[in-house]
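Next come two complexes built around subunit A: one with subunit B, the other with subunit C.
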Partner chain A sequence: MMKSSICACISLLLVTWLTAGWAQAQVPAPDEPTYRIAKQLNCPTCAGRNLADCPTETCAQWKAEIKAQLDAGKSAEEVLAYFQDRFGPTVLQEPPKSGITAPLWAAPVGAAVVFLAIAGLVMWRTAQRGAPSPASDGTDAHDPFVAALEREVRAGE
Partner chain B sequence: MRTTHLSPRWSAKCAPESEGQVKGRSLLVAGVSTGIILIAGIFFVALNLVMQQGARPAPGSPAPDFTLKLYPGYRAGLPEEIRLSDLRGNVVVINFWASWCVECHKEAQALENVHRAYMDRGVVVLGIDYLDTEAPALAYLKQYDVTYPNGIDLQQRIAKAYRITGVPETFFIDRDGIVREVVVAPLTEAQLRAKIEALIED
Partner chain C sequence: MLTDLGHLAVIFAFVACLYAALVSLLGAQRNDDRLVQSGRLAAFITFPLVLLGCLGLWYALLTHDFGVKYVANVSSLATPVFFRITALWGAQEGSILFWCLIMSAFVAAAMARDWEAAGDKPLLPYVTATMALVLGFFLFLELFLANAFVRSEFPPQDGRGLNPLLRHPGMIIHPPMLYAGYTGLLVPFAFCIASLATRRSDDLWLRSSRRWTLVGWAFLTAGLLLGARWAHDVLGWGGYWGWDPSENKPLITWLIATPFLHSAMIQEKRGMFKNWNVFLVMLTFASMFFGTAFIRSGLLTSVHAFAASDIGPVFMAALVIILLICAALWISRLDVLRSERQLDSAFSREGIFLVQNVLFLSTAFTVFIGTIFPILSEAISGTKITVGPPFFDQTTGPQLAALVLLMGVAPLLAWGKASYAAVGRQMLAPVGFALLVMVALFLSGARQPVPLLLFGLCAYTLAQTLMEYVRGVRARMLSLNERLPVALIRLAQKNQRRYGGYLVHLGVVLLAIGVIGKGFYGYDTITTPAVKLNDSFTVGNYTFTYRGIRPVPCEFNDCQTVQAMLLVSSASDGRVLDAIFPYRDHYPLQQHTATIPAISGSFNEEVYVILAGWDNNGATASFQVYINPLINWIWVGGIVMLLGFLVSFWKVPERAPAFAPVMRPAGAAAK
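This part shows the complex of A and B:
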């Protein structure tokens, strides 16, 4: 029973791998400029998939549009601007760093700064607490913890 | 010599922290604080995105207004750019479609037939082309001899306002601009006629 389940799983994985390889092979090899531009765009229907590597009908149409515009003499920037104007900034693999998404781009840098600031502050405060007061014999007379400790030591003597 | 023994609570507190412990504690505090700030930031951005999107207009709610730039040759006597609110007083059938959508092809002829049948009875069928490039879209319209007004949903603004999840999707709007029904599937001509008749008779 266990063996047959393992065999079934391995067969399923093998079939999936082979099918994926076949599907990948169906993506037509585009000419270089079209491919480079398509790499900068998202497939409009498959979440998170690159336009250049997607074999769907929608993506085939979009790649044909890129090629047609390049053949008509448009630059890569103009083609990308066309797609952004027509379909919105979400078609770009790297959306503009502005608007509501700006905090997401700034987040890693901000997080590093906040992390270093908090770590530095905590270390500095800990070091300050551990350092002896220069005006005393190493104890802080105003510290209630030290005073209580001294009382207990004296009581024990 | 007398030895003084401290109670356990003092000896535990008096044990000096090693440098490694201090660093470890600092990094832990910093990590936790940074994590909280990051999660709060991501929550803020996500909340804003959700609020921008809004909810799908449910039956009984007003249809979100929009402007649509119509394709040349597919204006059916309307201006180049129309507003939904300008069509108030008509029953409006808004159909989201795309040339790459296999299911849309199945209902294209039915939509054109009902447009021809009801255009003189205060019914406007409005095609909204979603995530489509122009050449295949125009080829699609030509293939089905479409004459009802059709235009491109620039920047997916209308799709976002109506919160569509794919194509085809059809919204039936009454004469007062209220959404009466949403269908997330291809429609047959009989289904279209039945729904339009019901809205005309209302």
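This part shows the complex of A and C:
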């Protein structure tokens, strides 16, 4: 058992090694500051896309505005704050975690916690209740051949 | 003339639906098989009738019959034949008709099956009635609210032509796939309703409809992947998934259908979770219906567009009725849906399936809330808040990662009660492998902890899934003296569902590797200042040399195309690797500009370049460059997932020798 698993691991490792080249020496080109900021803003005309990826005329004006403000010495945060003040939180790609969009961020976490708690409760309650059913040996009872195989494999381990 | 005949056929199909539903229910009530069979036949003939309707519209599209408003809207004299055929689903009216065609094909297939042999004949009248009513609803929409056959009084000389964005193979196959995925899910829903209506406590409906769910699921998967590929190739933002509502809606349904495929196994094997499975099937159907309403009613754009549309309120009313019927049926049958057994231990296959189900649903809920939040915020506060990809990435990411982990643990757990020691022992080798992979990646330069951990997770699940094959193949090779390929094929043949399922898991892991690679290591930039003719710029490992722009003939003569040429060479040794031609199409008629990327690089690192703009006839130009590591793994993973579906779905007839080992006593096989 051990031998074949080692073989499988080594061959998989080789594949990973061969494909790992991409991780080497990646130095992104110097980021264009306007572009970086545009990436964090929603485009007013292309629905669902960020400002940097939208080729429309309005977007070009917005990008020019960002550039002008950067050239005037404003920081990236100040530029983002300017757009948020002017157009509200809807202009940001990432909705703020406070204010009107706070429930948006809370909902998924809340749902995951509540759902998992319910599942845990169901499991705990059913485990408390009633006699255990006939024990299973962990095999697929519907397929005698697979069952035999699995027993054999487990015996071999 | 033929077009009007098609219109008439669709009207007949609608009448046939109403008749089928009425007669089936009457037949069930009076226990009259002749009525039931009549209803079955009526439901069956909706398919040829709707097909006739589609043929009528196709005829109008092919003969440039611009008197039909729809034809003038989606095609023009310049539209080639192929796109005139696909224009059938190029806009609302035609696509509802096409949707009805695919749905009626599923109805006909369900009606044509051998109900006597399948042993579930008592379900027939209710299955017929459910399917006929749902199909009837969509035919109602087509006929009364979005009729594709309407003629205009003053036919234009030429049409407007097909939306340029839809002229991509991915976009042509994508809608039919999604429609097949959605409408295929009607079958398990109809069986489920029929089972509840007849107060059956067994899992007959589940067994009868499991394969149909799988078909729907596979089409949905294929549709999602093709949509992603289309977005990547055509939309020109470097990615493959933008968390757009029209993408999220099928994803939500997929996220609910997938746990059902797993929890159905619990009911089949252990007789548990019956009411849960009924709930999941209903939820799957409701999500499909809601999603369709959402996209088709204009709710997508704004609350006001929804209120103004004809279809929206009708859709919502139907959804409320469906939900009420489902809830009433479900609650009134809770007594017959009791589990036959108790859960022995949380540490068991069924326990981990429950956790998996819950995680899938909370992920679906996350996508749902992010998708409808703009509308909620508009309705409550008056401002429409846009929810961009960062929200979805941050909230679904951890949940999806947990699901990948579960995929690597669940197969080890036995039904009933699993032993910690046995599971731990089987995890050793894959965990070791994952650690090796993480060390290898660390040494080759990947230093961010989160992606490193995620790659380790993928490596673990990949190894664990492969081990499932290794164990089975090895057992066969030893006990039956089979050679490796024979053992592998026979193993999969003996339990196609299981090994097909593991193949799907493998595909998911490969896909996850692609998502992580692109998500954490992908980057993009724009050339500033604009590049001068014959100048070079470097991004990452690549140097690009700008060689000018030129106008080129547009593919279908209805646009102006400007193409740029760039030489790509290696940044380290200057070797020329490729010449690429990103271009822009401008469609004056539709006032639309499409930026079509040029793609280069290697399998593991895609280079994706967009022509962002130019000045002075190309004296200078600017480009957006995306480096997308591992993105191709997404497509490979998707193909593996679909292969896995084929393995688990395709019934391979077993040849006689394959039965022999089963006759052997279990002890004799062991060495």
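Rule of thumb we're sticking to: the second predicted complex is superposed on the first by the 98 of 157 C-alpha atoms of A that agree within 3 Å, B and C clash if a C-alpha of one lies under 4 Å from a C-alpha of the other, contacts with A are read in each partner's own complex, and residues count from 1 in each chain.
Following the convention adopted for this analysis, a residue touches a chain if its C-beta (ideal position, glycine included) is under 8 Å from a C-beta of that chain, and two chains touch if they have at least 3 such contacts.
All values reported here derive from a predicted model rather than from experimental measurement.
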Touching partner for A:85 - first (subunit B), second (subunit C), both, neither: first
Per-residue touch tally on subunit A - higher for subunit B or for subunit C: C
Touched partner set for A:73, first subunit B, second subunit C, both or neither: neither
First (subunit B), second (subunit C), both or neither touched by A:118: both
First, second, both or neither for A:35, with subunit B first and subunit C second: second
Which superposed partner A:65 touches (first subunit B, second subunit C, both, neither): first
Which superposed partner A:126 touches (first subunit B, second subunit C, both, neither): both
Partner chain(s) touched by A:52 [first = subunit B, second = subunit C, both, neither]: second
Contacts of A:104 with subunit B and subunit C, given as first, second, both or neither: both
Subunit A positions touched by subunit B in one structure and by subunit C in the second: 88, 90, 100-101, 104, 107, 111, 115-116, 118-120, 122-123, 126-127, 130, 145, 149, 152-153, 156-157
Subunit C partner contacts - residues on subunit A that touch it in the complex: 1-2, 4-6, 8-9, 12-13, 16-17, 19-32, 34-35, 42, 47-50, 52-53, 55, 88-95, 100-101, 104-105, 107-109, 111-112, 115-116, 118-120, 122-124, 126-127, 129-133, 135-149, 151-157
Residues of subunit C touching subunit A in the complex: 236-238, 242-245, 269-270, 301, 339, 341-346, 351, 354-355, 357-359, 361-362, 365-366, 369-370, 373, 377, 381, 383-391, 395-396, 399, 413-418, 422, 425-426, 429, 432-433, 436-437, 440-441, 444-446, 459, 462-463, 466-467, 470-472, 474-476, 479, 494-495, 498, 517, 521, 523, 525-526, 528, 537-541, 593, 595, 604-605, 612-613, 624-625, 627, 629-630, 661-662, 664, 666, 669-671
Sites on subunit A touched by subunit B in the complex: 44-45, 56-58, 61-62, 64-65, 68, 85-88, 90, 100-101, 103-104, 107, 110-111, 114-120, 122-123, 126-127, 130, 145, 149, 152-153, 156-157
Subunit A contact footprint on subunit B (complex, rising order): 2, 4-7, 10, 13-14, 16-17, 22-23, 25-27, 29-31, 33-34, 37-38, 41-42, 44-45, 48-49, 52, 98-100, 131-136, 152, 154-157
